[in-house]
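Paired with subunit B in one complex and with subunit C in the other, subunit A is shared by the two complexes that follow.
And then the complex of A and B:
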């Protein structure tokens, strides 16, 4: 690593390579279909008209590289293809389902940052004492739990037994913001895993930072505890946490699929699952490209931020 | 600290014991399938009621753990089967080209979220349990290979390896006998977190209907399919959900306690 600029350049290059790989991988999906793709996709209704329609819609009689070129050119113009099942453009699916997913994800990230850092710093301040042991054990335990199992148990307790919250978002349509009660459980479930991993990282980083010579020196100067914690130690604990934050966004994309299925929220995850079940390849491809590219960009951003915060620590590139 | 550690270890064992025993021994005690009753009823000779097609929930619970546990174990083993040689070779080779050839494609694959990869494959292949294990393993390989490579590169840079080389020891003896042995601890720690992550993926995929029959005896499938009757017959959902929670939580607690290097852990290990 010969300097910040070369690191940034190499990381950007990796980002570009990853984007290209995501596009190629997603495109390769149709090529991976066993036998004649059109017949395979027609599935339960293999009548010749439908097979011909699929072949026509996916331009299967043309060579793969031509289709790849067309599809990529379309992607660059925001044209993600057309659904095999409904004939609607994939971008319309995206536009319809984008709202609920964005709302869920942004609410989660908004709550994740203060909760993760707050609990992490709290645990580090009381390292080894009951508060820390409680936070550490709970985060360790909850971290491993799949969202659907946790979600279903929360629904049973809070919606069924206590009746405080609605069990699903059925009947609210895409306008979830107007029904905050229906959002409490989904956001809570989405938060569970990312918060745990963030708390553990912040705690570990803070304990390291608080034990370092510069903190001891600051203490000798009589700098107040809060100031040491938040202006000196926390920034150093931030670098690994910033990276983790991007990884969590990657989990969020996965978590969103599960949570939307569980709480019947009409978002991108629901559209993706529906398309997977119907083998609507263009819709799956369009959504996968969007999910994949978002992940690549967020990880790229996080690595660059982490590099800026702690240039010493070699960041994966 | 050691008393604390023993305590956590015991807690982990206790939490994981119930679902693990049920998963491994359950099918032995389950007995034959009884006649089907009405869907979502309580009582009537069924200890935990009946499920969405009128089968005995307790019997489904006894059968439903094995696929989750076995698929997860198989996927973890498969992931290492690929990651170990790839990581070791790329750490020990002197040819930069070979290292790039092995590791760069994995760096690129790392960018795709695991569940997305599984869903993409499910669109075209309709995988069974073996297919699901393969897919989950594939999703784990990039990260595992990177970890193996990092651990092996650290060990390979030690003077002892230079000494072995100068003595003319074979590549195998250096790679397996020295480097492999000195990274066992790192690998064990990684295997613990990886198994937890794999359990998560396997259960989630099954919940979403990937790699399982729609009426399979599988805890995750039970949670999914019996949700419609949650208000009438909660046990068909709550019991398998609690078992999955106990299985994943217990595994994580157990490995964390078993591999704790005396207190402080860097949270970096805490990612799947």
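And then the complex of A and C:
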């Protein structure tokens, strides 16, 4: 058995390979899209001479591999390149958009963890009884509502009808922290589905763990119920939930396009959407790198946590 | 790539939305000289203008790539910001004729190939006067062959090397050929006047427009402050903030929630839901966007005029307006520019006539006509229009197969490929529509309409000094397009704006892209 250190090293190496693969794939896919930045920019005035001029000014007339090589060379020096469309550094795009995304993601996770685990454990403790039934059916129902629909519903009720909260974050720019009221609805929408999936996972894990031989053994030793639940069963039930949590954080950090669009929050998802539509390849690639690294780091973290919580994977997990 | 940027200019964001803006108001141009001042003073019945306040206006379109360089203006949002900070020599009135702005007057020689433009007394935000030098610098920057500014094609008739300043405030423009519609060039989309030598616009742009720069965060917000010394008088508002909200529902919600006072580009259904409900005001700008099907006249089956005429007769225009535009518009008559200067409004309104359409197809030997109609979600109503037309064509025995294309490359794709496609265009003078799209050497000739005699008529119009005679030439050209052209113009869409109830002075007779559209120096908060 290899130690945790070599486990981390192997996972990091794999992560780097995965990120490189993601970037290459994204580059290839962006190139494969019909039209390039010049065509997208020319829009409804597709004068061929103008498109050719834009292409030349953007240096899109060079072969794709050459552009990729240039960009990669810059990346090795920590330079993510510049936007084809605006000429501004890609790092500026990321820096500007990362703040709102990070703020939303942290708030969501901060609420998600206690809510998800608490409700999950509660449901498991009362498995089969009304509390469990209520929690299970509500989470299933909410999970089935798409974010967009939920967002529109919440805005209509709480912002427009009742006037308790601002309907969007328009005009607040990246300084969302100064306007906490504007964050309530977006965070609620972001929370809705992850909470449901987490609750159901924790509940299932807890029920399995509580029915496992080691819990039965602990009971036979006369260990108290609370101690069994929280120090023996819960860690094992958390292992799969930790993986799910990592996926959720990943999803949140990579920009949630629907919520950003609905509430006018200038985060990473909005930047990605714009960059793909404009065929702004350096920006798309820069985002791909960031998203790749975030995903790798989060999954590594989740694996380590799961490893720590349930070293012998397979037992009750 | 990282070190090339010093040279590469920035290109303004061009998103799928808010796009029609662009709709190239470009190219040569028409309109007689003259025109009166700004036209729109305070909307009727709004009471006396009140000074002060900040108006927040939300537009679709711009993303993190947007810029304040007025020559890169492409989207509605860009154009609205550009017109707040900068002025053009002329701009378009409600009928798309040129109205003087920084130019106080213009006069041509008898051959119409030399124009003397006199500037009015105006000053940039930093106090320097607007001079002939600034005008020539701006136009030369736009026309720079190394760049790809949108207005470059519009300025093409000007020989900028030969043009010169004849005084502090007078410029002599030398043209490559007679151009009776020269004032339209001065009003072209994106032909803004910037100070001599200006190259950087995102940090502290200096213009001569009614508002001066305060701050700019690309893709989020731009704040401008009243410029007290504007030549046309100071705006009523203290400040204007342009905000970006790409989702229509977000713009509506922000407006309803009092977070903004002006929401640009709303859906017809939204407008219907809130019209006359008292919460917000709905402003409809008529005649803002031509809606059409575009037939390639150089290839089968549309190289036969009878097939084109049959398609004209298949369209039930009212059904298309009601279905694809949710009723927010009016029917078209296969000609561009309803309500604009020189529009041939004497021609009878074309109606659906399936019997006649069948007969024409039979004559052309195309009874079992099958065509592919290209469409895309690139513009509101496109896919709906395609579906409706497919059903209408079925009744005349024509099989239309609808093909969905990519949003981002649609306009480029349909330029050469296919035979039939959905098309739309923003407001521009009828002459610009002709020069950009219907001449042998037009750059975006999507109907492949290439006729030497038609080109000659266009040149004749441009060489005709008398406006009435010129109108007669345009009328002849439009008659021909009406009877056998490649554009099946079925409607003109309204452009819909929502404003808070306290917003007054919003001009309603102002198709998108004209002077009074998205104009905030005449607006006030009651």
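The rule is simple: the second predicted complex is superposed on the first by the 240 of 317 C-alpha atoms of A that agree within 3 Å, B and C clash if a C-alpha of one lies under 4 Å from a C-alpha of the other, contacts with A are read in each partner's own complex, and residues count from 1 in each chain.
The rule we apply is simple: a contact is a pair of C-beta atoms (placed from the backbone, for glycine too) under 8 Å apart; a residue touches a chain by one contact, two chains touch by 3 or more.
Note that the structure is predicted; figures quoted are calculated from it, not measured.
Contact with both subunit B and subunit C is seen for A:261 once the two complexes are overlaid on the shared chain.
When the two structures are aligned on the shared chain, A:48 is found in touch with subunit C, with no touch to subunit B.
In the superposed pair of complexes, A:292 makes contact with subunit B only, with no contact to subunit C. By the touch criterion stated above, A:25 is placed in contact with subunit B alone, subunit C being left untouched.
Look at A:67: by the touch rule set out above, it reaches subunit C but stays clear of subunit B. When both complexes are overlaid on chain A, the residue A:140 reaches subunit B alone and has no touch with subunit C. When the shared chain is aligned, subunit C comes close enough to touch A:81, but subunit B does not.
Of the two partner chains, subunit B is the only one touched by A:149; subunit C is not. In the superposition on chain A, contact is made by A:160 with both subunit B and subunit C. Residues 33-34, 40, 152, 155, 160, 167, 261-262, 273, 275, 277, 279 of subunit A are contacted both by subunit B in one complex and by subunit C in the other.
Residue ranges of subunit A in contact with subunit B, taken from their complex: 14, 17-18, 21-22, 25-26, 29-30, 32-34, 40, 128, 133, 137, 140-150, 152-153, 155-156, 160, 167, 196-197, 200-205, 207-208, 240, 244, 247, 250-251, 253-254, 257-258, 261-262, 272-273, 275-277, 279, 281, 284, 288, 291-292, 295-296, 299, 316.
Those residues of subunit C lying in contact with subunit A across their complex are 1-2, 4-5, 8-16, 19-20, 22-24, 26, 56, 58, 63-67, 74, 145-148, 150, 152-153, 217-221, 241, 243-247, 249-250, 253-254, 256-257, 259-260, 406-409, 411-413, 415, 424-425, 443-444. In the complex of the two chains, the subunit B residues touching subunit A come out as 4, 8, 104, 107-116, 119-120, 122-125, 146, 196, 199-200, 203-204, 207-209, 220, 223-224, 227, 230-231, 234, 237-238, 241-242, 244-245, 248-249, 251-253, 256, 263-268, 270-271.
Subunit A makes touch with subunit C in their complex at residues 33-35, 37, 39-51, 53-54, 57-59, 67, 70-71, 74, 79, 81-88, 93, 96-97, 152, 155, 159-160, 163, 166-168, 170-171, 173-174, 261-264, 266, 270-271, 273-275, 277-280, 282-283.
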